[in-house]
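This report concerns only the one structure given below.
The letters A, B and C name the chains in turn, as written, and every chain counts its residues from 1.
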């Protein structure tokens, strides 16, 4: 297909959301000078939850004292008014008022499963980029070392840190703790399902915390069956921070787990070998690679259109993509990218 | 046709481009223009066009300068060579640009809730694509929108405008009159200041956050210009803020619609 | 989302995976594009800046944007001793002059075209920046045709059309602004060249009220200005060149590479193409340059087994690319560009966009 050069999408007229509860100052003429009296009263009483109401920084949400303030709001010392600090959607959970921003950086929480990239190797820890305001750290003591879980970290280990992780490597890890003063995350990879990533490809979606992008859900790691497409199964790891890893499904770990009755502290050292730190890929067939690329594109489409990315939506989107491409497979050889229509079908399938 | 404001203003009460004293130029803005950055905006005020991208908060690059309690705001302003009528090659160490950068940085350093992101850096990158007056003002407004887009918490939206003063005739006894939002020609002729305000606590007045003036004018006495310029400026900021809030709301509605 | 990861390298495991995918026949691209010649769509707009002679704003879907402004300024021609720039009003009368002499008249100079590139965060004298500027500027000055035109004008290169008279000429300033989260690491060459191409095609030269050897005085009527490059697009009308970035992995030739694909390239070739104004050819290649592949500066991967013998390629383990490009593959690149129609596709994509804009303008004016 040749080069497509397109004009930018023009803004369509958007209807204002109907759920606004206060006076709408519709006059946008530039000649009004005296607005001391004309300023709309921006207060309203929240008697019932106002779903999908957009608030802006500086906007008064309420001054009813029954509400507690949560993320995205602030209260001044002199009054009990709660004011928004972010542009986003008002959320009410019981008596807690918070604002979910339209876009925001990922903020780490304990227990999050994240995918990160090593950016620095320090004396006894690594610094990992997890798309948070500050780099996360992965201490040497928090990873599995070949030779046993309970082994002491020696200076030899410190000198050989690059044998385990070097700059640029991708890891999947869990947030162990979050620094109280500066919200720096501290990661660990102490389970067999964490560690260095290989056999696949990486992509990043932005806008976490806003509703688009990856959301925290029960299953961040799952497998997609693509046997029908002559590909193998694909493991999908959705890091809560918006970093995603797609790879060829690895069967052995499950078998091993089942065989020995589960991996426990006592036999962890048998299972952990230097192999887990290698960056050697297995042989991956063409079919699997194609499916990985297809899933990657589906996730990108979901993210671009603001649909949240979780197991459900990804699987639905993928199935829609497979169906859609099957129906245009007759025009083989045209070699098109995902066309507009296919995009829409993917997004629709994912939402419903 | 005379090319200056002063000579014709008394008779017509209109400026060279046909505006009245308190009319703003046409403001258009859009946010999230570059989805791959944390926050972005494109703002035009008349013929002045500024593009802003915000990155952060993220780990800063320089080791020594990290503040352990607050985020650091850095600004870079880049006026394109094709921005003005004469093509002007940018001078790297332009003092005026450095001062503007410093003004924008300090305005937002104190305005944003930087204590929520200690030791990190928020980088504001401003590109002036076309310049017809209101350089500092457009930079502040564009940065304000981009910071809202980036989801960085702030107590209210910072809005800026320029205001100047025109003395209708040479007769020094006539009161000088304030005018709002000066373009390039007017800025070269008349004294003007740039002012930015933030909303005060609910029920109270707006607070002035930035106030800069590069020309000279009379402060006190019967023909004082400063007070009227400032009062007009504060009002003008309110108008600009309304416009910016409108833009953000429209964008928010569009995003929500896309998600439904 | 910009993060430090964008400037730090990929992991060896990722690189090995990508390289194996791209080496297979046909190449399996990470964004599921089916062919090596699939291009990502561009969003573009011309005429976006108010104070310039021509402008364009071009963006890719991955967030890279370029804004180009073209300004024309009148400049005094400095006459050099030996070349003797002469300008004859009716050169058609001088039938006894041969081709070469006639060509020497009204000859422009390469210095009349200035291209500057601004990337926020980089110094103006950064070597990579200077190299990129030169790569963008050089094809603009290359003559596009060797045959005389139908109307006896010998427009052969951009600078020739800038001559006003013997003492004055137009100086073209092309200012390119790149806004990209990764800066130059994203290899923005094709993006910038397409933006410059569209801006130049949007550029209008003011009509001059003066004639002959008078000092130039421009007409205030902007609508009377003429396009620098003729707007009506016929296959033989001159158009500014475009630079394409071509990737070579194994035996595969891949166009419009994304950042991941560039990171595993065996070789990268920058090909400047222009539509030929000669009737018999479609597009010609103006220049071919090799670009350093980022795959050289990568760290090698760690194999599972203990250190194998050096030099042995363990399948699945990444090794930094240190070789060059085979001659046969280079030939395949050129063939793909010229014969297989990639250049033609790119040019017609750009032409189509400008026709679209013209159509929209005409529609708006007609209403």
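Please note the rule applied: contacts are C-beta pairs under 8 Å (C-beta built on N, C-alpha and C of every residue); 3 or more make two chains touch, one makes a residue touch a chain.
Per UniProt, the chains are A = Exosome complex component RRP4; B = Ribosomal RNA-processing protein 41; C = Ribosomal RNA-processing protein 42.
None of the values given here were measured: they were computed from a predicted structure.
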Quick one: label the inter-chain contact graph as line, ring, star, complete or other. complete
Chain pair with the higher count of C-beta pairs in contact (A-C, B-C): A-C
Intercentroid distance (Cα basis), subunit C paired with subunit A, Å: 37
Residue numbers in subunit C touching 2 or more other chains? 1, 3-4, 59
Flagged in subunit A as touching 2+ other chains are 129, 135, 206, 304
Touching two or more other chains, which residues of subunit B qualify? 35-36, 38, 58-59
In the complex, subunit B residues that touch subunit A: 20, 22-24, 30, 32, 35-36, 38-39, 56-59, 68, 71, 113, 117-120, 148-151, 153-157, 198-199, 201-203, 235, 238-239, 242-243, 245-246, 248-260
Touching subunit B in the complex: which residues of subunit C? 1-4, 48-52, 55, 59, 62-65, 67, 69-71, 73, 116, 118, 120-121, 123-124, 173, 175, 177, 179, 181
Show which residues of subunit C lie in contact with subunit A when the two form their complex. 1, 3-5, 8-14, 16-18, 20-21, 24, 28-35, 37-45, 59, 61, 194, 260, 298-299, 301-304, 314-318, 344-346, 348-350, 352-353, 356-357, 360
Subunit C partner, complex, touching residues on subunit A are 1-9, 117, 119, 129, 131, 135, 163, 166-170, 196-202, 204-207, 242, 274-275, 277-284, 286, 289-290, 293-294, 296-297, 300, 304, 335-338
Please output the residues of subunit A touching subunit B within their complex, sorted ascending. 11, 14-17, 25, 28, 30-35, 39, 42-43, 52, 54, 56-58, 60, 63, 72, 74, 76, 78-79, 81, 83, 85-89, 101-105, 129, 133-135, 181-183, 206, 209-212, 304-308, 351
